[in-house]
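Encoded as C-alpha coordinates, the structure appears first; notes follow it.
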Amino acid sequence: MTPVLDLAGIFVFALSGALEGVRKRFDAVGIAVLAFFTAVGGGIVRDLFIGVQPAALRDTAYLLVPIAAAVIAFFWHRQVERAMPGVLVFDAAGLGLFCAVGTSKALYYGLAPMHAVFLGVCTAVGGGVLRDVLSGEKPTLLYDRELYAVPAMLGSTMMAVLYALDVRGFTATLSSAVVAFAFRILAMRYRWRAPLAWGLGGRE
Amino acid sequence: MTPVLDLAGIFVFALSGALEGVRKRFDAVGIAVLAFFTAVGGGIVRDLFIGVQPAALRDTAYLLVPIAAAVIAFFWHRQVERAMPGVLVFDAAGLGLFCAVGTSKALYYGLAPMHAVFLGVCTAVGGGVLRDVLSGEKPTLLYDRELYAVPAMLGSTMMAVLYALDVRGFTATLSSAVVAFAFRILAMRYRWRAPLAWGLGGRE
Amino acid sequence: MTPVLDLAGIFVFALSGALEGVRKRFDAVGIAVLAFFTAVGGGIVRDLFIGVQPAALRDTAYLLVPIAAAVIAFFWHRQVERAMPGVLVFDAAGLGLFCAVGTSKALYYGLAPMHAVFLGVCTAVGGGVLRDVLSGEKPTLLYDRELYAVPAMLGSTMMAVLYALDVRGFTATLSSAVVAFAFRILAMRYRWRAPLAWGLGGRE
(Lines give C-alpha, C1' and ligand atoms only; values in the text may rest on other atoms or scores of the structure.)
Protein backbone atom coordinates (compact mmCIF):
# COMPACT_ATOMS: atom_id res chain seq x y z
CA MET A 1 0.00 0.00 0.00
CA THR A 2 2.59 2.55 1.05
CA PRO A 3 4.69 2.11 -2.15
CA VAL A 4 1.70 3.08 -4.27
CA LEU A 5 1.01 6.15 -2.12
CA ASP A 6 4.72 6.93 -2.19
CA LEU A 7 4.83 6.92 -5.97
CA ALA A 8 1.63 8.98 -6.10
CA GLY A 9 3.32 11.56 -3.84
CA ILE A 10 6.39 11.55 -6.04
CA PHE A 11 4.25 12.01 -9.12
CA VAL A 12 2.50 15.08 -7.70
CA PHE A 13 5.74 16.65 -6.48
CA ALA A 14 7.35 15.97 -9.86
CA LEU A 15 4.40 17.60 -11.58
CA SER A 16 4.82 20.76 -9.48
CA GLY A 17 8.53 20.85 -10.31
CA ALA A 18 7.92 20.31 -14.00
CA LEU A 19 5.28 23.06 -14.09
CA GLU A 20 7.72 25.45 -12.46
CA GLY A 21 10.12 24.61 -15.27
CA VAL A 22 7.47 25.30 -17.90
CA ARG A 23 6.56 28.62 -16.27
CA LYS A 24 10.17 29.73 -16.33
CA ARG A 25 10.47 28.70 -20.00
CA PHE A 26 13.07 26.06 -19.20
CA ASP A 27 13.74 23.61 -22.00
CA ALA A 28 12.90 19.89 -21.99
CA VAL A 29 16.06 19.06 -20.04
CA GLY A 30 15.32 21.69 -17.40
CA ILE A 31 11.75 20.50 -17.02
CA ALA A 32 12.90 16.91 -16.47
CA VAL A 33 15.63 17.93 -14.01
CA LEU A 34 13.21 20.04 -11.95
CA ALA A 35 10.63 17.23 -11.99
CA PHE A 36 13.16 14.74 -10.69
CA PHE A 37 14.78 16.82 -7.96
CA THR A 38 11.51 18.30 -6.72
CA ALA A 39 10.10 14.79 -6.37
CA VAL A 40 13.00 12.92 -4.83
CA GLY A 41 15.39 15.67 -3.70
CA GLY A 42 14.04 15.64 -0.16
CA GLY A 43 14.46 11.89 0.08
CA ILE A 44 17.98 12.10 -1.34
CA VAL A 45 18.97 14.67 1.30
CA ARG A 46 17.42 12.48 4.01
CA ASP A 47 19.29 9.39 2.84
CA LEU A 48 22.62 11.18 2.52
CA PHE A 49 22.16 12.51 6.06
CA ILE A 50 21.26 9.03 7.36
CA GLY A 51 24.24 7.62 5.49
CA VAL A 52 22.54 5.15 3.14
CA GLN A 53 22.40 5.09 -0.62
CA PRO A 54 19.50 7.28 -1.77
CA ALA A 55 16.39 5.19 -2.41
CA ALA A 56 15.96 7.14 -5.65
CA LEU A 57 19.02 5.31 -7.00
CA ARG A 58 17.88 1.84 -6.07
CA ASP A 59 14.44 1.78 -7.64
CA THR A 60 13.85 2.66 -11.29
CA ALA A 61 10.29 3.80 -10.49
CA TYR A 62 11.81 6.83 -8.75
CA LEU A 63 13.34 7.80 -12.08
CA LEU A 64 10.49 6.80 -14.36
CA VAL A 65 7.65 8.47 -12.44
CA PRO A 66 9.28 11.94 -12.51
CA ILE A 67 10.04 11.49 -16.20
CA ALA A 68 6.38 10.61 -16.83
CA ALA A 69 5.32 13.73 -14.91
CA ALA A 70 7.77 15.82 -16.95
CA VAL A 71 6.35 14.48 -20.21
CA ILE A 72 2.80 15.26 -19.09
CA ALA A 73 3.75 18.79 -18.04
CA PHE A 74 5.66 19.26 -21.29
CA PHE A 75 2.63 18.58 -23.48
CA TRP A 76 -0.35 19.41 -21.28
CA HIS A 77 0.89 22.16 -18.97
CA ARG A 78 -2.15 24.35 -19.66
CA GLN A 79 -4.55 21.64 -18.56
CA VAL A 80 -2.44 20.84 -15.50
CA GLU A 81 -2.21 24.52 -14.52
CA ARG A 82 -5.99 24.75 -14.71
CA ALA A 83 -6.26 21.71 -12.42
CA MET A 84 -3.81 23.33 -9.98
CA PRO A 85 -6.21 23.91 -7.06
CA GLY A 86 -6.85 20.18 -7.17
CA VAL A 87 -3.13 19.50 -7.44
CA LEU A 88 -2.61 21.46 -4.21
CA VAL A 89 -4.72 18.90 -2.39
CA PHE A 90 -2.56 16.10 -3.74
CA ASP A 91 0.54 18.12 -2.87
CA ALA A 92 -0.70 18.31 0.72
CA ALA A 93 -1.19 14.54 0.67
CA GLY A 94 2.37 14.09 -0.62
CA LEU A 95 3.62 16.41 2.11
CA GLY A 96 1.89 14.32 4.75
CA LEU A 97 3.08 11.03 3.39
CA PHE A 98 6.69 12.13 2.86
CA CYS A 99 7.12 13.52 6.37
CA ALA A 100 5.73 10.31 7.89
CA VAL A 101 7.83 8.01 5.68
CA GLY A 102 10.97 10.11 6.16
CA THR A 103 10.66 10.17 9.94
CA SER A 104 10.02 6.47 10.09
CA LYS A 105 13.06 5.66 7.94
CA ALA A 106 15.31 7.80 10.13
CA LEU A 107 13.99 6.14 13.28
CA TYR A 108 14.50 2.74 11.70
CA TYR A 109 18.16 3.62 11.16
CA GLY A 110 18.53 4.51 14.82
CA LEU A 111 18.47 8.30 14.79
CA ALA A 112 17.25 10.14 17.87
CA PRO A 113 13.58 11.23 17.71
CA MET A 114 14.44 14.91 17.34
CA HIS A 115 16.73 14.23 14.40
CA ALA A 116 14.20 11.87 12.89
CA VAL A 117 11.61 14.64 13.00
CA PHE A 118 14.12 16.98 11.37
CA LEU A 119 14.77 14.46 8.59
CA GLY A 120 11.04 13.86 8.15
CA VAL A 121 10.58 17.57 7.51
CA CYS A 122 13.61 17.56 5.17
CA THR A 123 12.04 14.71 3.18
CA ALA A 124 8.80 16.61 2.82
CA VAL A 125 10.10 20.09 2.03
CA GLY A 126 13.64 19.48 0.69
CA GLY A 127 12.54 18.84 -2.87
CA GLY A 128 10.72 22.16 -3.06
CA VAL A 129 13.76 24.01 -1.71
CA LEU A 130 16.00 22.30 -4.28
CA ARG A 131 13.49 23.17 -7.03
CA ASP A 132 13.67 26.84 -6.10
CA VAL A 133 17.46 26.92 -5.78
CA LEU A 134 17.81 25.23 -9.19
CA SER A 135 15.30 27.71 -10.67
CA GLY A 136 17.45 30.58 -9.42
CA GLU A 137 14.83 31.67 -6.87
CA LYS A 138 14.83 32.25 -3.15
CA PRO A 139 13.18 29.15 -1.66
CA THR A 140 9.54 30.11 -1.14
CA LEU A 141 9.56 27.88 1.93
CA LEU A 142 11.74 30.41 3.71
CA TYR A 143 9.74 33.57 3.23
CA ASP A 144 6.24 33.08 1.86
CA ARG A 145 4.72 32.63 5.32
CA GLU A 146 2.52 29.76 4.20
CA LEU A 147 2.38 26.97 6.72
CA TYR A 148 4.17 24.23 4.79
CA ALA A 149 7.05 23.10 6.98
CA VAL A 150 4.88 23.38 10.09
CA PRO A 151 2.34 20.69 9.10
CA ALA A 152 5.30 18.46 8.16
CA MET A 153 6.80 19.07 11.59
CA LEU A 154 3.51 18.13 13.19
CA GLY A 155 3.16 14.91 11.21
CA SER A 156 6.80 13.98 11.83
CA THR A 157 6.44 14.60 15.55
CA MET A 158 3.34 12.44 15.66
CA MET A 159 5.21 9.67 13.85
CA ALA A 160 8.06 9.84 16.37
CA VAL A 161 5.63 9.76 19.29
CA LEU A 162 3.76 6.76 17.86
CA TYR A 163 7.07 5.01 17.24
CA ALA A 164 8.07 5.55 20.88
CA LEU A 165 4.69 4.09 21.89
CA ASP A 166 5.44 1.07 19.70
CA VAL A 167 2.70 1.91 17.19
CA ARG A 168 4.41 1.26 13.86
CA GLY A 169 3.87 0.22 10.27
CA PHE A 170 0.99 1.30 8.10
CA THR A 171 -1.26 2.56 10.93
CA ALA A 172 1.38 4.94 12.25
CA THR A 173 2.37 6.18 8.78
CA LEU A 174 -1.19 6.77 7.68
CA SER A 175 -2.38 8.56 10.82
CA SER A 176 0.69 10.83 10.90
CA ALA A 177 0.28 11.61 7.22
CA VAL A 178 -3.39 12.42 7.73
CA VAL A 179 -2.60 14.81 10.60
CA ALA A 180 -0.06 16.70 8.50
CA PHE A 181 -2.40 16.69 5.49
CA ALA A 182 -5.39 17.97 7.48
CA PHE A 183 -3.35 20.71 9.11
CA ARG A 184 -1.97 21.78 5.74
CA ILE A 185 -5.44 21.92 4.21
CA LEU A 186 -6.75 23.96 7.15
CA ALA A 187 -3.77 26.31 6.89
CA MET A 188 -4.53 26.91 3.21
CA ARG A 189 -8.26 27.23 3.79
CA TYR A 190 -7.97 29.77 6.62
CA ARG A 191 -4.79 31.44 5.34
CA TRP A 192 -2.83 30.85 8.52
CA ARG A 193 0.49 32.61 8.35
CA ALA A 194 3.95 32.01 9.82
CA PRO A 195 5.07 35.13 11.70
CA LEU A 196 7.78 37.52 10.57
CA ALA A 197 10.42 38.51 13.12
CA TRP A 198 9.05 40.53 16.02
CA GLY A 199 8.41 44.17 15.13
CA LEU A 200 8.60 43.76 11.36
CA GLY A 201 4.87 44.33 11.01
CA GLY A 202 4.06 40.80 10.02
CA ARG A 203 0.71 40.63 11.80
CA GLU A 204 -1.76 42.32 9.49
CA MET B 1 45.70 6.42 -20.38
CA THR B 2 42.31 7.25 -18.89
CA PRO B 3 43.81 9.05 -15.85
CA VAL B 4 45.61 11.48 -18.14
CA LEU B 5 42.45 12.13 -20.15
CA ASP B 6 40.54 12.43 -16.90
CA LEU B 7 42.86 15.13 -15.60
CA ALA B 8 42.73 16.89 -18.94
CA GLY B 9 38.93 16.95 -18.70
CA ILE B 10 39.14 18.29 -15.17
CA PHE B 11 41.56 20.96 -16.28
CA VAL B 12 39.25 22.21 -19.02
CA PHE B 13 36.17 22.19 -16.78
CA ALA B 14 38.14 24.02 -14.09
CA LEU B 15 39.21 26.60 -16.63
CA SER B 16 35.59 27.26 -17.63
CA GLY B 17 34.63 27.65 -13.97
CA ALA B 18 37.53 29.97 -13.24
CA LEU B 19 36.71 32.13 -16.27
CA GLU B 20 33.13 32.45 -15.08
CA GLY B 21 34.54 33.70 -11.78
CA VAL B 22 36.74 36.26 -13.56
CA ARG B 23 33.80 37.47 -15.67
CA LYS B 24 31.71 38.01 -12.57
CA ARG B 25 34.59 39.91 -10.90
CA PHE B 26 34.89 37.30 -8.16
CA ASP B 27 38.07 37.56 -6.10
CA ALA B 28 40.90 35.02 -6.04
CA VAL B 29 39.05 32.82 -3.54
CA GLY B 30 35.90 32.82 -5.66
CA ILE B 31 37.84 31.97 -8.81
CA ALA B 32 39.50 29.00 -7.10
CA VAL B 33 36.22 27.75 -5.59
CA LEU B 34 34.42 27.92 -8.94
CA ALA B 35 37.34 26.18 -10.68
CA PHE B 36 37.27 23.35 -8.17
CA PHE B 37 33.53 22.71 -8.02
CA THR B 38 32.99 23.08 -11.77
CA ALA B 39 35.70 20.51 -12.38
CA VAL B 40 34.93 17.89 -9.76
CA GLY B 41 31.42 18.81 -8.54
CA GLY B 42 29.75 16.37 -10.90
CA GLY B 43 31.99 13.56 -9.74
CA ILE B 44 31.39 14.46 -6.09
CA VAL B 45 27.62 14.29 -6.59
CA ARG B 46 28.01 10.94 -8.38
CA ASP B 47 30.15 9.49 -5.60
CA LEU B 48 27.84 10.72 -2.83
CA PHE B 49 24.90 9.14 -4.66
CA ILE B 50 26.82 5.86 -5.12
CA GLY B 51 27.82 5.99 -1.46
CA VAL B 52 31.61 6.09 -1.73
CA GLN B 53 34.06 8.76 -0.65
CA PRO B 54 34.38 11.30 -3.47
CA ALA B 55 37.39 10.54 -5.67
CA ALA B 56 38.25 14.24 -5.48
CA LEU B 57 39.16 13.70 -1.82
CA ARG B 58 41.41 10.71 -2.37
CA ASP B 59 43.74 12.05 -5.03
CA THR B 60 45.64 15.31 -4.64
CA ALA B 61 45.70 15.79 -8.41
CA TYR B 62 41.98 16.55 -8.26
CA LEU B 63 42.81 19.50 -6.01
CA LEU B 64 46.02 20.65 -7.70
CA VAL B 65 44.75 20.62 -11.29
CA PRO B 66 41.80 22.97 -10.56
CA ILE B 67 44.13 25.25 -8.60
CA ALA B 68 46.49 25.36 -11.57
CA ALA B 69 43.59 26.22 -13.85
CA ALA B 70 42.50 28.96 -11.44
CA VAL B 71 45.99 30.47 -11.41
CA ILE B 72 46.12 30.47 -15.21
CA ALA B 73 42.68 32.10 -15.47
CA PHE B 74 43.66 34.61 -12.79
CA PHE B 75 46.65 35.92 -14.74
CA TRP B 76 45.86 35.14 -18.36
CA HIS B 77 42.05 35.31 -18.58
CA ARG B 78 42.16 37.57 -21.65
CA GLN B 79 44.23 35.06 -23.60
CA VAL B 80 42.05 32.16 -22.43
CA GLU B 81 38.87 34.01 -23.38
CA ARG B 82 40.26 34.59 -26.84
CA ALA B 83 41.00 30.87 -27.11
CA MET B 84 37.43 30.05 -26.00
CA PRO B 85 36.12 28.54 -29.25
CA GLY B 86 38.99 26.09 -28.96
CA VAL B 87 38.19 25.54 -25.30
CA LEU B 88 34.64 24.55 -26.26
CA VAL B 89 36.05 21.64 -28.22
CA PHE B 90 37.98 20.50 -25.15
CA ASP B 91 34.89 21.03 -23.05
CA ALA B 92 32.99 18.69 -25.37
CA ALA B 93 35.79 16.16 -24.94
CA GLY B 94 35.53 16.50 -21.15
CA LEU B 95 31.77 16.05 -21.38
CA GLY B 96 32.22 12.83 -23.36
CA LEU B 97 34.85 11.45 -21.05
CA PHE B 98 33.03 12.31 -17.84
CA CYS B 99 29.75 10.73 -18.86
CA ALA B 100 31.52 7.52 -19.89
CA VAL B 101 33.67 7.34 -16.75
CA GLY B 102 30.74 8.23 -14.48
CA THR B 103 28.46 5.59 -15.96
CA SER B 104 31.14 2.94 -15.77
CA LYS B 105 31.88 3.73 -12.10
CA ALA B 106 28.19 3.48 -11.21
CA LEU B 107 27.87 0.15 -13.04
CA TYR B 108 30.99 -1.12 -11.30
CA TYR B 109 29.33 -0.39 -7.95
CA GLY B 110 26.31 -2.42 -8.96
CA LEU B 111 23.75 0.24 -9.87
CA ALA B 112 21.04 -0.60 -12.37
CA PRO B 113 21.78 0.54 -15.96
CA MET B 114 19.18 3.30 -15.88
CA HIS B 115 20.61 4.77 -12.68
CA ALA B 116 24.13 4.40 -14.02
CA VAL B 117 23.14 6.44 -17.06
CA PHE B 118 21.61 9.05 -14.76
CA LEU B 119 24.83 9.24 -12.72
CA GLY B 120 26.93 9.41 -15.88
CA VAL B 121 24.97 12.47 -16.94
CA CYS B 122 25.29 13.93 -13.41
CA THR B 123 29.06 13.48 -13.58
CA ALA B 124 29.22 15.29 -16.89
CA VAL B 125 26.86 18.19 -16.22
CA GLY B 126 26.75 18.47 -12.40
CA GLY B 127 29.85 20.64 -12.15
CA GLY B 128 28.39 23.22 -14.51
CA VAL B 129 25.13 23.33 -12.56
CA LEU B 130 27.04 23.80 -9.29
CA ARG B 131 29.13 26.55 -10.94
CA ASP B 132 25.97 28.43 -11.92
CA VAL B 133 24.27 27.99 -8.54
CA LEU B 134 27.41 29.22 -6.76
CA SER B 135 27.59 32.19 -9.16
CA GLY B 136 24.06 33.15 -8.23
CA GLU B 137 22.71 32.26 -11.67
CA LYS B 138 20.01 30.00 -12.98
CA PRO B 139 21.80 26.91 -14.29
CA THR B 140 22.22 27.47 -18.02
CA LEU B 141 21.81 23.71 -18.46
CA LEU B 142 18.13 24.04 -17.59
CA TYR B 143 17.02 26.74 -19.99
CA ASP B 144 19.55 27.65 -22.68
CA ARG B 145 18.27 24.95 -25.05
CA GLU B 146 21.79 23.93 -26.08
CA LEU B 147 22.17 20.19 -26.36
CA TYR B 148 24.56 19.53 -23.50
CA ALA B 149 22.87 16.96 -21.28
CA VAL B 150 21.56 15.09 -24.33
CA PRO B 151 24.98 14.12 -25.75
CA ALA B 152 25.97 13.03 -22.23
CA MET B 153 22.85 10.88 -22.05
CA LEU B 154 23.73 9.32 -25.39
CA GLY B 155 27.30 8.54 -24.33
CA SER B 156 26.16 7.18 -20.98
CA THR B 157 23.55 4.97 -22.62
CA MET B 158 26.13 3.61 -25.03
CA MET B 159 28.45 2.86 -22.11
CA ALA B 160 25.68 0.96 -20.31
CA VAL B 161 24.83 -1.01 -23.43
CA LEU B 162 28.49 -1.92 -24.06
CA TYR B 163 28.81 -2.95 -20.40
CA ALA B 164 25.80 -5.23 -20.76
CA LEU B 165 27.44 -6.72 -23.85
CA ASP B 166 30.61 -7.30 -21.79
CA VAL B 167 32.62 -4.74 -23.72
CA ARG B 168 34.50 -2.93 -20.94
CA GLY B 169 37.68 -1.09 -20.12
CA PHE B 170 39.37 1.46 -22.31
CA THR B 171 37.60 0.49 -25.55
CA ALA B 172 34.14 1.01 -24.07
CA THR B 173 35.09 4.28 -22.35
CA LEU B 174 36.72 5.74 -25.41
CA SER B 175 34.00 4.82 -27.89
CA SER B 176 31.22 6.11 -25.60
CA ALA B 177 33.15 9.31 -25.01
CA VAL B 178 33.67 9.79 -28.73
CA VAL B 179 29.97 9.34 -29.44
CA ALA B 180 29.00 11.98 -26.86
CA PHE B 181 31.78 14.27 -28.07
CA ALA B 182 30.80 13.98 -31.71
CA PHE B 183 27.13 14.56 -31.00
CA ARG B 184 27.99 17.62 -28.90
CA ILE B 185 30.17 19.07 -31.65
CA LEU B 186 27.44 18.48 -34.24
CA ALA B 187 24.86 20.08 -31.94
CA MET B 188 27.03 23.18 -31.60
CA ARG B 189 27.87 23.29 -35.29
CA TYR B 190 24.27 22.99 -36.49
CA ARG B 191 22.71 24.82 -33.55
CA TRP B 192 20.37 21.99 -32.63
CA ARG B 193 18.02 23.09 -29.88
CA ALA B 194 16.19 21.36 -27.04
CA PRO B 195 12.46 22.09 -27.31
CA LEU B 196 10.50 24.35 -24.99
CA ALA B 197 7.24 23.03 -23.57
CA TRP B 198 4.56 22.44 -26.18
CA GLY B 199 2.88 25.65 -27.32
CA LEU B 200 5.45 28.07 -25.87
CA GLY B 201 6.68 29.01 -29.35
CA GLY B 202 10.02 27.31 -28.97
CA ARG B 203 10.31 26.18 -32.58
CA GLU B 204 11.58 29.17 -34.51
CA MET C 1 36.58 22.14 26.75
CA THR C 2 36.37 21.91 22.96
CA PRO C 3 32.67 20.88 22.99
CA VAL C 4 31.77 24.09 24.81
CA LEU C 5 33.80 26.20 22.38
CA ASP C 6 32.29 24.22 19.51
CA LEU C 7 28.75 24.99 20.64
CA ALA C 8 29.69 28.64 21.19
CA GLY C 9 30.95 28.76 17.59
CA ILE C 10 27.76 27.15 16.36
CA PHE C 11 25.70 29.63 18.33
CA VAL C 12 27.44 32.63 16.77
CA PHE C 13 27.23 31.23 13.24
CA ALA C 14 23.55 30.43 13.78
CA LEU C 15 22.97 33.97 14.99
CA SER C 16 24.52 35.41 11.83
CA GLY C 17 22.35 33.11 9.70
CA ALA C 18 19.20 34.00 11.62
CA LEU C 19 19.92 37.73 11.32
CA GLU C 20 20.33 37.35 7.58
CA GLY C 21 16.88 35.78 7.56
CA VAL C 22 15.41 38.66 9.55
CA ARG C 23 17.02 41.22 7.23
CA LYS C 24 15.51 39.52 4.21
CA ARG C 25 12.08 39.43 5.90
CA PHE C 26 12.03 35.65 5.93
CA ASP C 27 9.36 34.12 8.15
CA ALA C 28 9.96 32.12 11.33
CA VAL C 29 10.62 28.93 9.34
CA GLY C 30 13.14 30.65 7.09
CA ILE C 31 14.94 32.19 10.05
CA ALA C 32 15.27 28.79 11.73
CA VAL C 33 16.43 27.07 8.52
CA LEU C 34 19.09 29.71 7.87
CA ALA C 35 20.24 29.55 11.50
CA PHE C 36 20.64 25.79 11.30
CA PHE C 37 22.41 25.50 7.95
CA THR C 38 24.70 28.48 8.53
CA ALA C 39 25.80 26.94 11.82
CA VAL C 40 26.25 23.31 10.87
CA GLY C 41 26.18 23.32 7.04
CA GLY C 42 29.98 23.44 6.80
CA GLY C 43 30.32 20.47 9.15
CA ILE C 44 27.65 18.54 7.24
CA VAL C 45 29.51 19.06 3.96
CA ARG C 46 32.77 17.98 5.63
CA ASP C 47 31.20 14.82 7.06
CA LEU C 48 29.51 13.86 3.78
CA PHE C 49 32.84 14.29 2.01
CA ILE C 50 34.64 12.19 4.66
CA GLY C 51 31.88 9.60 4.40
CA VAL C 52 30.56 9.58 7.97
CA GLN C 53 27.13 10.49 9.28
CA PRO C 54 27.03 14.26 9.88
CA ALA C 55 27.78 15.07 13.51
CA ALA C 56 24.80 17.46 13.41
CA LEU C 57 22.54 14.39 13.23
CA ARG C 58 24.08 12.57 16.14
CA ASP C 59 23.95 15.23 18.83
CA THR C 60 20.74 17.07 19.70
CA ALA C 61 22.74 20.10 20.85
CA TYR C 62 23.54 20.77 17.19
CA LEU C 63 19.83 21.16 16.60
CA LEU C 64 18.87 22.95 19.81
CA VAL C 65 21.60 25.59 19.78
CA PRO C 66 20.67 26.91 16.29
CA ILE C 67 17.01 26.92 17.32
CA ALA C 68 17.89 28.94 20.41
CA ALA C 69 19.83 31.40 18.24
CA ALA C 70 16.87 31.64 15.86
CA VAL C 71 14.49 32.43 18.73
CA ILE C 72 16.82 35.14 20.03
CA ALA C 73 17.16 36.70 16.59
CA PHE C 74 13.42 36.47 16.07
CA PHE C 75 12.60 38.55 19.15
CA TRP C 76 15.70 40.67 19.72
CA HIS C 77 17.16 41.21 16.26
CA ARG C 78 17.52 44.95 16.81
CA GLN C 79 19.64 44.46 19.88
CA VAL C 80 21.72 41.76 18.18
CA GLU C 81 22.27 43.96 15.12
CA ARG C 82 23.51 46.75 17.37
CA ALA C 83 25.94 44.29 19.00
CA MET C 84 27.15 43.17 15.52
CA PRO C 85 30.71 44.56 15.69
CA GLY C 86 31.10 42.44 18.79
CA VAL C 87 29.50 39.49 17.03
CA LEU C 88 32.12 39.74 14.28
CA VAL C 89 34.81 39.01 16.86
CA PHE C 90 32.94 35.89 17.95
CA ASP C 91 32.42 34.97 14.30
CA ALA C 92 36.20 35.15 13.81
CA ALA C 93 36.60 32.88 16.83
CA GLY C 94 34.10 30.43 15.33
CA LEU C 95 35.97 30.55 12.03
CA GLY C 96 39.23 29.69 13.78
CA LEU C 97 37.74 26.89 15.82
CA PHE C 98 35.82 25.33 12.93
CA CYS C 99 38.80 25.19 10.57
CA ALA C 100 40.95 23.57 13.27
CA VAL C 101 38.29 21.04 14.30
CA GLY C 102 37.38 20.26 10.68
CA THR C 103 40.98 19.64 9.64
CA SER C 104 41.63 17.46 12.64
CA LYS C 105 38.54 15.34 12.01
CA ALA C 106 39.56 14.78 8.38
CA LEU C 107 43.09 13.80 9.42
CA TYR C 108 41.68 11.45 12.03
CA TYR C 109 39.74 9.68 9.28
CA GLY C 110 42.90 9.21 7.27
CA LEU C 111 42.61 11.89 4.60
CA ALA C 112 45.77 13.30 3.07
CA PRO C 113 46.97 16.61 4.62
CA MET C 114 46.01 18.67 1.59
CA HIS C 115 42.48 17.29 1.56
CA ALA C 116 42.23 17.73 5.31
CA VAL C 117 43.11 21.41 4.90
CA PHE C 118 40.47 21.67 2.18
CA LEU C 119 37.85 20.12 4.46
CA GLY C 120 38.90 22.35 7.34
CA VAL C 121 38.23 25.38 5.17
CA CYS C 122 34.90 23.83 4.03
CA THR C 123 33.88 23.38 7.66
CA ALA C 124 34.65 27.01 8.45
CA VAL C 125 33.15 28.70 5.40
CA GLY C 126 30.63 26.18 4.04
CA GLY C 127 27.80 27.29 6.31
CA GLY C 128 28.08 30.88 5.12
CA VAL C 129 28.02 29.78 1.49
CA LEU C 130 24.93 27.64 2.11
CA ARG C 131 23.29 30.58 3.91
CA ASP C 132 23.81 32.81 0.88
CA VAL C 133 22.66 30.20 -1.64
CA LEU C 134 19.52 29.57 0.43
CA SER C 135 18.92 33.32 0.68
CA GLY C 136 19.04 33.58 -3.10
CA GLU C 137 22.31 35.56 -3.07
CA LYS C 138 25.69 35.10 -4.63
CA PRO C 139 27.93 33.74 -1.85
CA THR C 140 29.73 36.79 -0.43
CA LEU C 141 32.71 34.52 0.20
CA LEU C 142 33.34 34.37 -3.54
CA TYR C 143 33.44 38.05 -4.41
CA ASP C 144 33.54 40.42 -1.44
CA ARG C 145 37.35 40.35 -1.25
CA GLU C 146 37.34 40.10 2.53
CA LEU C 147 39.92 37.68 3.82
CA TYR C 148 37.68 35.00 5.27
CA ALA C 149 38.68 31.75 3.59
CA VAL C 150 42.35 32.72 3.76
CA PRO C 151 42.59 32.81 7.58
CA ALA C 152 40.77 29.46 7.63
CA MET C 153 43.30 28.06 5.19
CA LEU C 154 46.11 29.31 7.40
CA GLY C 155 44.64 27.76 10.54
CA SER C 156 43.91 24.49 8.74
CA THR C 157 47.44 24.31 7.36
CA MET C 158 48.88 24.92 10.82
CA MET C 159 46.69 22.12 12.19
CA ALA C 160 47.91 19.73 9.49
CA VAL C 161 51.54 20.65 10.15
CA LEU C 162 51.15 20.19 13.92
CA TYR C 163 49.45 16.84 13.30
CA ALA C 164 52.38 15.72 11.15
CA LEU C 165 54.71 16.77 13.99
CA ASP C 166 52.62 14.66 16.37
CA VAL C 167 51.30 17.68 18.26
CA ARG C 168 47.62 16.83 18.70
CA GLY C 169 44.63 17.30 20.94
CA PHE C 170 43.61 20.51 22.62
CA THR C 171 46.98 22.29 22.23
CA ALA C 172 47.02 21.83 18.48
CA THR C 173 43.37 22.81 18.06
CA LEU C 174 43.66 25.90 20.20
CA SER C 175 46.86 27.24 18.68
CA SER C 176 45.61 26.68 15.11
CA ALA C 177 42.32 28.35 15.97
CA VAL C 178 44.12 31.31 17.52
CA VAL C 179 46.29 31.78 14.43
CA ALA C 180 43.25 31.83 12.13
CA PHE C 181 41.37 34.09 14.54
CA ALA C 182 44.23 36.58 14.87
CA PHE C 183 44.78 36.72 11.13
CA ARG C 184 41.06 37.27 10.54
CA ILE C 185 40.96 40.10 13.10
CA LEU C 186 44.03 41.75 11.55
CA ALA C 187 42.49 41.40 8.08
CA MET C 188 39.32 43.17 9.29
CA ARG C 189 41.25 45.82 11.20
CA TYR C 190 43.56 46.74 8.31
CA ARG C 191 41.06 46.01 5.54
CA TRP C 192 43.28 43.54 3.74
CA ARG C 193 41.73 42.51 0.47
CA ALA C 194 41.82 39.42 -1.73
CA PRO C 195 42.92 40.39 -5.25
CA LEU C 196 40.67 40.43 -8.30
CA ALA C 197 41.93 38.75 -11.44
CA TRP C 198 44.98 40.43 -12.96
CA GLY C 199 44.14 43.59 -14.89
CA LEU C 200 40.62 44.04 -13.53
CA GLY C 201 41.66 47.08 -11.49
CA GLY C 202 41.36 45.39 -8.13
CA ARG C 203 44.29 47.15 -6.52
CA GLU C 204 42.98 50.55 -5.45
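Some points to look at:
First chain written, first letter: the chains are A, B and C, and each begins at residue 1.
The rule we apply is simple: a contact is a pair of C-beta atoms (placed from the backbone, for glycine too) under 8 Å apart; a residue touches a chain by one contact, two chains touch by 3 or more.
Bear in mind the structure is a predicted one, so any value in this text is a computation, not a measurement.
Judged by the touch criterion defined above, the protein chains are all mutually in contact, each touching every other.
The two copies, chain B and chain C, are related by a rotation of 120°, based on C-alpha atoms and rounded to the nearest 5.
Because chain A and chain C carry the same sequence, their contact can be compared by residue number, and under half of the numbers here are used by both. Between the CA-based centres of chain A and chain C the separation comes to 30 Å, rounded to the whole angstrom.
Taken residue by residue, chain C touches two or more other chains at 48, 133, whereas all remaining positions touch fewer. Those residues of chain B lying in contact with chain A across their complex are 48-51, 111-112, 114-115, 118-119, 129, 133, 136-139, 141-145, 148-150, 193-200, 202. Taken together, the chain C residues at the contact with chain A in this complex read 21-22, 24-31, 33-34, 44, 48, 52-54, 57-58, 60, 63, 73-78, 133-136.
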